[in-house]
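Take a look at the following structure, please.
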């Protein structure tokens, strides 16, 4: 097992290198000269050739591409992603708090998603083909088909305006979490509960269920067995939910004015603040790789067959 | 072993996540700004909605929010309705030849950090700005200052390389010639950032949570007397409808037209708020003119033809725009400057909304409608690009309306929404056919706006393609140095006539600054620019 | 063809199919179905409510909302479909090569896919749009760039099953060319899998692209697009909430129809897969793999 | 004469989804202390019949007819009561030990869970009972087996764990659904031995499902042959093996004869296996 973890982790290193390179190269695909982008982003009213040249030298942009890449990579490892073009502040000082805010939203949502999908998935699997199963699936289909911003708007309209129970936006108190979490949960639980349901169903025909019943075990115990075993499929899926959600809260953050990564990045994109975009992409891609590795390792732990493949 | 291990892992992850959730929730509950919303009790506090974060408050650079910088920092003089008035300088003398400005500073001013505001501080600040001159080329004064000297504890001398008539106006602008405590300089400079944001203004920055809010507290030692409004919070609310809700619920209690000229809530919503009795809506007198700028120098585009520009002018239904899009809050503008602007009361022929006239103009200019819906001339279609600020819904609506009307005269407009900074860039590089813009406001009109006609960063590309460009630039140069009122008036009349005849600035409406404030707020006033508001004069009864 | 017969039998699936087909036809022949010019402004009808002439009322420029919804099908559904088809085609090509030839080809191609898949798709689309600039075309490009690898993965898995089938081995043994084998034996049998994979990604792509338009990164005015219409409606959301209804429902209807259809396709394929418990478990794993394609906007 | 512990009459089993009949109409009895073998090819309805007795068929599969267990009609028993009877009075032994246990928990936990369901014993009593039962089925080091996951044990061992569990539960009727099919010859032998001992020790009755006539001959008193859901022949073991009337039975006996010989050889070589 230890060997597997080492091998799997080693595999992700070249992957991370490729990702970091692409991320870095990405900003050079822009039709806009980075130095010009810096000046524009700073809102300098007049941009001259000399100013561009001076800015280039100042930012070290006159050095060869690969040198800059290496430099950026090394400092990135120390969470030093350079300075924002727009504000001149270190990128991490902007990204860090935003990341924390998005992480809070994401983690709470993931918990809600997990709880909801397990509850619904188990319910539907145990009542497969019955009215409950059909209606839950039908409703979840409709809910997942709703654009999140539309759903958010409806919820704001009802809970914040009509009932005046919850704040409309921002991140001021516990209550601020309620609506964004609900929107994310509805959108994702509708998908994830299907995974739980189908993996429960795949377990339902297993002999251990029959044997358990034949031994006179109550349904509660049987359900626990089912749950424990179907979770093995679900655990890797849920593991990936965290990075997926981290990267997909953009629209929800936009609607709820959540001071998180999505808001920061959309602004960075509109303001062509490349260091922030780079850091954002790098961090999320790294999170993806990390969680992928972890979920592979977990899978391997659960299923010894997989270990040999590597 | 692996099975129990996995179960344990799930439990572990879940518990971590739950813990994280709880702890974060707890923190938010105690440390948040939830109590900052205006309640029923009229506390002396304003929370205004802002589409963007206040950003870097360094007053010698440009990313910061202008309304925020305006209450923290001050300039030596102030541009008011009645001309240039004292601010940090009590008085000033200008030498005979117009090259030496001597400012006598107020003696009772300190920076927010307690540092004295004196000649030395002024010198350090202006010199720091000048050392970063390449970023300030738009403000001509920055290239004309030869030397700053402290002639005494409270006397500063500004030596110019040549006389420059708008010098005081440029000294009055929100940036860059404003003053920050020299203690906040990093290595004697401000161009690479500052360590604090201590100005001399009526408010000081107390707390800033990026992308969330910024809190400004009243400066108790303000030389003009401590302001009555004790606390001003700038809350980031990116979307219009959220702002409306937040106003309704009291999460914010103040909204104003932002520095880009965009209102965060639409007129209808404002009226609803006003009719609820909780809010009042206050509008300034017309401050500027919103317009479409045509790039006359773009030879390969139809927009370089006067007839085409005139046709567009005729195809804009200003009355409808004013009535429907702005619900009458902005009036139709027939000329670049409304007649209440200095020197702008010039007799110019109005081009009314008249599609037939537009068609005739195009027909006469050789643009014929042969087949399809778009006119052509020598094989090329009558098609242009119109850029608008993606964050301004009214610009977008106007653009769509205009696009739909010009279609009737056989003209095709392609609409492109971009960030305001990108549009500013297009204006200075000449990479556009048509774009939305506005004049700079009462403090700057007409002199700064007209000076900008010749400026490469501004409207050079707009004006350089017209037949009488040389004459125009010559007259602009003359008017800047002319010291005789009558000839100045004549020159301005000529200039305005030329750009009007060439139809390069197609006016739309006269814009104003709108404020939505709690019903009980008194003393709501405006400055001469659309970029700032005098919060220090406001109070609750 | 059996699959399609099964889908036919399922009433809900039949309904979904009809809805999707109707929408596609209406979108393709938008000029025929739309009662008005979608871009014609008429300020006198600004925010007018539904009437006999304008069934769904008028928007902030007095344009016919129904016509805009109908024309909006093109970017919101049809162009998304084109992007989907393009990424599925690229993915299928790569998947076929990798799954059929195995060995080194497979390893190299899958490594590339790994790299592509290790980027969070939504984040990357956002970044690509940010760098190339806003616009529907750039979003579609970003989607094709980000999605093909996922298709390649799914299709490879499906091809691998069939490429090892006896008849394929037999064909190989008697010296039939690779291309002939693929065309004759591999492509036809994996088409249903491609259909299932594409249909399951379709709904989420529609959602995501309308989400981009909603953020103002998508299609440019005045062209009608559902996400864009919602964005426009959002500004008057609380004074005229009705405007949010039509485009929102249009999205919900299309996406749920597509999802139901995808589900029906999957179940139609199931009898083959569901016979043994073991296969079913594999299916659950496959479902979870598919899930990544179904990120939500 | 011995009473019947189980009397099944007019059992009709069908799939409610498709309406297909699986078992049209079968009736049979199991004598007190006797062993009835159900023989037939896979898909002939053997397992479905057993599950119908336990009332454990899948959702879609329904049955009608009377199942009398010691005079009580099981079909009329409330589900709660029925659950108490399962395991305690009617015990099942499954074909595949590997899959009969929850793969994610250790054997001991599962045994304890079952016993705790039926006996009001303390944890240590249960432990002792399980260990005792395991020892009786010749499982070495029961304590360490209790701490192992199913995949760490062999099929034969798991089969014997199931038998041990049956011993601890002391049921009136054991239903062994192809308990030897998945095993290699030596494990088969051991398991059959244990089953025989189980009957001797507990004096319980048994339904023994198999398609392996060699094993059946060794274990069963009576044999029932099923084909396509119908009982084609029923009789004592000797009668079936010596003078089968139905052609299908004769075919089965004939075709299995060759294979059985091989099995018998091993059965005869008891001494070798024991060492």
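Residue numbering begins at 1 within each chain, and the chains themselves are lettered A, B, C and D in the order written.
In this section, contacts are C-beta pairs under 8 Å (C-beta built on N, C-alpha and C of every residue); 3 or more make two chains touch, one makes a residue touch a chain.
Just so it is clear, the model here is predicted, and its values are computed rather than measured.
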item	value
Centrality ranking, top chain (CA atoms only)	A
Remotest chain, chain B as reference, centres from CA atoms	D
Chain pair with more C-beta contacts, A-D versus A-B	A-B
Geometric centre distance via CA averages, chain D-chain B, whole Å	87
Approximate Å spacing (C-alpha centroids) for the pair chain A, chain B	37
Where chain A and chain D are represented by their mean Cα positions, the distance between them in whole Å	51
Between chain A and chain C, centroid-to-centroid distance (C-alpha), Å	21
Per-residue overlap in chain B, given as positions that touch at least 2 other chains	3, 6-7, 239, 241, 245, 248, 390
Chain D residues counted as touching two or more neighbouring chains	103-105
For chain C, residues contacting two or more additional chains	234, 237-238
List of chain A residues in touch with chain D within their complex	128-129, 205-208, 210-218, 221, 225, 228-229, 232
In the complex, chain A residues that touch chain C	15, 18-19, 22, 26-27, 29-31, 141-142, 144-150, 153, 157, 161, 187-188, 191-192, 194-195, 198-199, 201-202, 205-206, 233-234, 236-237, 240, 243-244, 246-248, 250-251, 254, 265-266, 268-270, 272, 277, 280-281, 284-285, 287-289, 292
Residue numbers on chain A that touch chain B, as the complex places them	39-48, 50-51, 54, 86-89, 94, 97-98, 103-104, 107-108, 110-111, 114, 153, 156, 160-161, 164, 167-174, 176-177, 228, 231-232, 235, 239, 254-257, 259, 263-264, 267, 270-272, 298, 301-302, 304
Interface residues, chain B side, partner chain A - complex	2-3, 5-7, 9-10, 13-14, 17-18, 20-21, 24-25, 28-29, 32-34, 52, 55-56, 58, 61-63, 134-135, 137-138, 192-193, 209-212, 235-239, 241-242, 245-246, 248-249, 251, 390, 419, 421-422, 424-425, 428, 456-457
Chain B residues touching chain C - in the complex, by the definition given at the top	239-241, 244-245, 248, 266, 268-269, 272, 317, 320, 323-325, 390-391, 393, 396-397, 399-401, 403-405, 407, 414-418
